[in-house]
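The data blocks that follow each hold one structure.
Common to both upcoming complexes is chain A, partnered first by chain B, then by chain C.
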Partner chain A sequence: MMMIIKKMIFILLVLVSGNQLVAQKYFTKKGEVSFFSHAPMEDIKAVSNTGSSVLDAANGKLQWAVLIKSFAFTKALMQEHFNENYMESTQFPKAKFTGTIDNMTAIDLKKDGEYNAQVSGVLEIHGKEKKIATNAKFLVAKGKIIATSVFKVYLADYGIEIPSVVKDKIAKEVEISIKSNYELLDKM
Partner chain B sequence: MRKKSFLVISILLLILLFIGYNMYNKEVDKVADLKTDQKVEAKTLLTEFESDELAANKLYLDKTIEVSGMVTKVEENEGITSVYLASEEGLSAVICQMEEAVNVAVGSEIVVKGVCSGYLMDVIMVRCIIL
Partner chain C sequence: MNYWIKCSRFFCLSILMMGSIISVSAQEEDDLLSLLGDTEPETELVYATFKTSRIINLQSIENTAAGVLDFKIAHRFGVLNGGFYDLFGLDQASMRIGVDYGLTRWLTIGLGRSSFEKTYDGFTKIKLLRQSTGKKKMPLSLSLFAGSAIKTVAFSEPERDNYFSSRMYYTYQGILARKFSEGFSLQLSPTVVHRNLVKTKAEKNDVYALGMGGRLKLSKRTSINAEYIYLAPNQVAPDIKNSFSIGFDIETGGHVFQLHFTNSTSMIEKGFVSESVGNWLDGDVHFGFNVSRVFTLKKK
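Take a look at the complex of A and B:
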């Protein structure tokens, strides 16, 4: 009898927590990732609107991925150089982030409001990994969740070489902006 | 004589500058003007990426491809239209980011031409147009 009750409690617990886990995962497939770099001759900027991200509100685990070849430039030559000379995107097609929102307990994605998030984790660009920490903002309004973040990366950290001819013309740091709607993941 | 050759050289330099300037400012090609490298069904494309991403990357990455399949979802986000193809099993699909807003119905069979930028949870196509 005891065993059966124990089993039943266990099953109940699994069911309850399982439901909770499913109900707390959020995702996007249309994340906007853009970068901006100031250069003397002209600014370099590009945007991708096909970033993927999954956020688990139960434990704050956050994942991001974006395809390098999905970044759109206005100038063909810039796009070509970006892919071939700097990012080598055939060899390294993706940039990834795996980390956590460290103050997830202070953020309630089911309640309207503006929340500041501390994000830390590992960013992989050009096949090289580096630990980063940054701030993000969650705006929850009428069930819609928008997350934004702006941070800087140094090209040298990711082994991205700048040819010496243009060394003074290209900034050593790039500003990256993230903007994303998160939707509740109901199909698991 | 010296004056003449000076003139010729300056004209040549000007032409070179002009060509260089145009090359530098050339915009990214419209997909409509690009030659199609591959034709494939959305389902096949998805299966190929799911089973062997590296091999599929070699075949499709950065290539202009024509993908045929059934529209399973149309989404609009910040002025950008995305058409989902073949997303019946699980969550994965071929996501086509359209060049401009399009009017297609869920359930219809279409052919999309675009540039394949790779695979995340889905196969991502950018700069797409409907043929």
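Take a look at the complex of A and C:
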């Protein structure tokens, strides 16, 4: 009897810890985050190639972070105003996303294919948090994983004010595009 | 006996496994991103110590960005103590029209023409050090400025032997600045103005001065600026005063408007450093403005 209980505990432990070993995490430190806004007088776009993200394939948990100061613009003054007047990047250095891929069970990152993902979570920009839900795509080919997503945010949701003198140059709505190559995270 | 050894071994193994599971799940509750480890701190350059490339009259530490043309129009009206008859100086105006252009991110050149004594000026401004935090720490920014000016107004004594070189003025300036916080910046500008021709023997050809300037931000787009230029004694005519100016900056997208009060009429170094005659206490003060409009000629 004692032996059976011991064996059961042992098997249980192996199972639980085995599950941990299978749990695969993926990451990137070179995620591309870009945004685009169209206003009557000016189109604004900027890109950062230093977004970092970790995805836990076991439970679909996903996190993203990007430094606001890493966004590069074509116009130098625009970049200065973006940091100084709108994003206040010294005070709020990062934009973050913390959420989950809700249909992770339908996605197998070890098998080639194209997968649609439903992502939901909290997006933090300019120190303000808001729940968002969007679609993303995972393209798995020859062991490479490319994730992409495009979604829109409203500046007003994140407390980013646009003064009336520049309202024809800055749109209220901004389209954000994300693209990243996920690699396996070897943490041990 | 054997059983107990086995049992204790098993027990130890279980505890070890339990421990590893607990530690893994504890880690999972944390930030997933923390798994990526601490990213190396990158060098972060300090931007926007001042809103534009002038504090008021003085050159600020700011350069014009590479490929950007900054078109500047500056006005100084007559003196406030002219009274209502001159509408507090608004009847007269001295102006400078000029352009600054950023050749590279560390080199700016500029040209201008002032109505005061029909003077043309040109300058070069080179950025040597940039204030930064992170991996490379630099407590302040340093730039060098060199400018020359040609006074083209007719010579006051045409019967005398007049040389073209007598029209020339040269200015050399170091610019040291630090952005102490988002809202507060200070600058020191040690300056030498060389004048080829001076009125009397008592006046020196080389004038040494120390400019000081600062800004205090009131909001994201407005600030209060002030500057003072101290002249070392016994270099200039006795009626020359130290230049003092106080102003207000408003930035609206591509424009910067600077409104100010100053006791200097000229808007170029040789003038406001070594030729300011207004006395603040007597109300010999000019209202004036600088308008800056930037055009991006070359995109990155």
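One rule holds for everything that comes next: the second predicted complex is superposed on the first by the 165 of 188 C-alpha atoms of A that agree within 3 Å, B and C clash if a C-alpha of one lies under 4 Å from a C-alpha of the other, contacts with A are read in each partner's own complex, and residues count from 1 in each chain.
Basically, contacts are C-beta pairs under 8 Å (C-beta built on N, C-alpha and C of every residue); 3 or more make two chains touch, one makes a residue touch a chain.
Only a predicted model underlies this, so the values are computations on that prediction, with no experimental measurement involved.
Peer 1: Consider chain A as the common anchor and indicate whether chain B and chain C clash or fit when overlaid.
Peer 2: Once chain A is superposed (C-alpha atoms), there is a clash between chain B and chain C.
Peer 1: Touching A:Thr100, do we find chain B (first), chain C (second), both, or neither?
Peer 2: The answer is neither, since A:Thr100 touches no partner chain.
Peer 1: By the touch definition at the top of the document, which applies to A:Gln63: first (chain B), second (chain C), both, or neither?
Peer 2: second
Peer 1: Considering only the touch criterion stated at the top, classify A:Gln118 as touching first (chain B), second (chain C), both, or neither.
Peer 2: neither
Peer 1: Counting residues of chain A in contact, which comes out ahead: chain B or chain C?
Peer 2: Partner touching more chain A residues in the overlay: C.
Peer 1: Does the superposition put A:Ser149 against chain B (first), chain C (second), both, or neither?
Peer 2: neither
Peer 1: Could you look at A:His81 and tell me whether it touches chain B, chain C, both or neither (first, second, both, neither)?
Peer 2: A:His81 sits against chain C, while chain B stays out of touch.
Peer 1: Quick one: is A:Asn181 in contact with chain B, with chain C, with both, or with neither? Answer first, second, both or neither.
Peer 2: first
Peer 1: Of the two partner chains, chain B (first) and chain C (second), which one does A:Lys30 touch, if any: first, second, both, or neither?
Peer 2: A:Lys30 sits against chain B, while chain C stays out of touch.
Peer 1: Which partner chains sit in contact with A:Pro163 here, chain B, chain C, both or neither? Use first/second/both/neither.
Peer 2: Touch status of A:Pro163: second partner only.
Peer 1: For A:Asn49, is the partner it touches chain B (first), chain C (second), both, or none of the two (neither)?
Peer 2: After superposition on chain A, A:Asn49 lies in contact with chain B alone.
Peer 1: Between the stretches 3-11, 57-65 or 75-83, which region of chain B is in steric conflict with chain C after the superposition?
Peer 2: 57-65
Peer 1: Which residues form the common part of the chain A surface touched by chain B and by chain C?
Peer 2: Residues common to the chain A contacts of chain C and of chain B are 29, 52, 65, 69, 72-77, 83, 90, 187, listed in rising order.
Peer 1: Report the residues of chain C in contact with chain A in the complex, numbered from low to high.
Peer 2: 7, 10, 14, 17-18, 20-21, 24, 28, 31-33, 35-36, 39, 44, 47-48, 65-68, 182, 220-221, 251-254, 294, 296, 299-300
Peer 1: Would you tell me which residues of chain B are touching chain A in their complex?
Peer 2: Residues of chain B touching chain A: 23-29, 57, 61-62, 75, 77-78, 80, 82, 91, 95, 97, 115, 117-122, 124, 126-127.
Peer 1: Sort out for me which residues of chain A touch chain C in the complex.
Peer 2: So the residues of chain A touching chain C come out as 6, 9-10, 13-14, 16-17, 20, 25, 27, 29, 52-56, 61-63, 65, 69, 72-77, 80-81, 83-85, 88, 90-91, 163, 165-166, 169, 185, 187.
Peer 1: Over in the complex, which chain A residues touch chain B? Could you list them?
Peer 2: Against chain B, the touching part of chain A is residues 29-30, 32, 49-50, 52, 65-70, 72-77, 79, 83, 89-90, 93-94, 181, 187.
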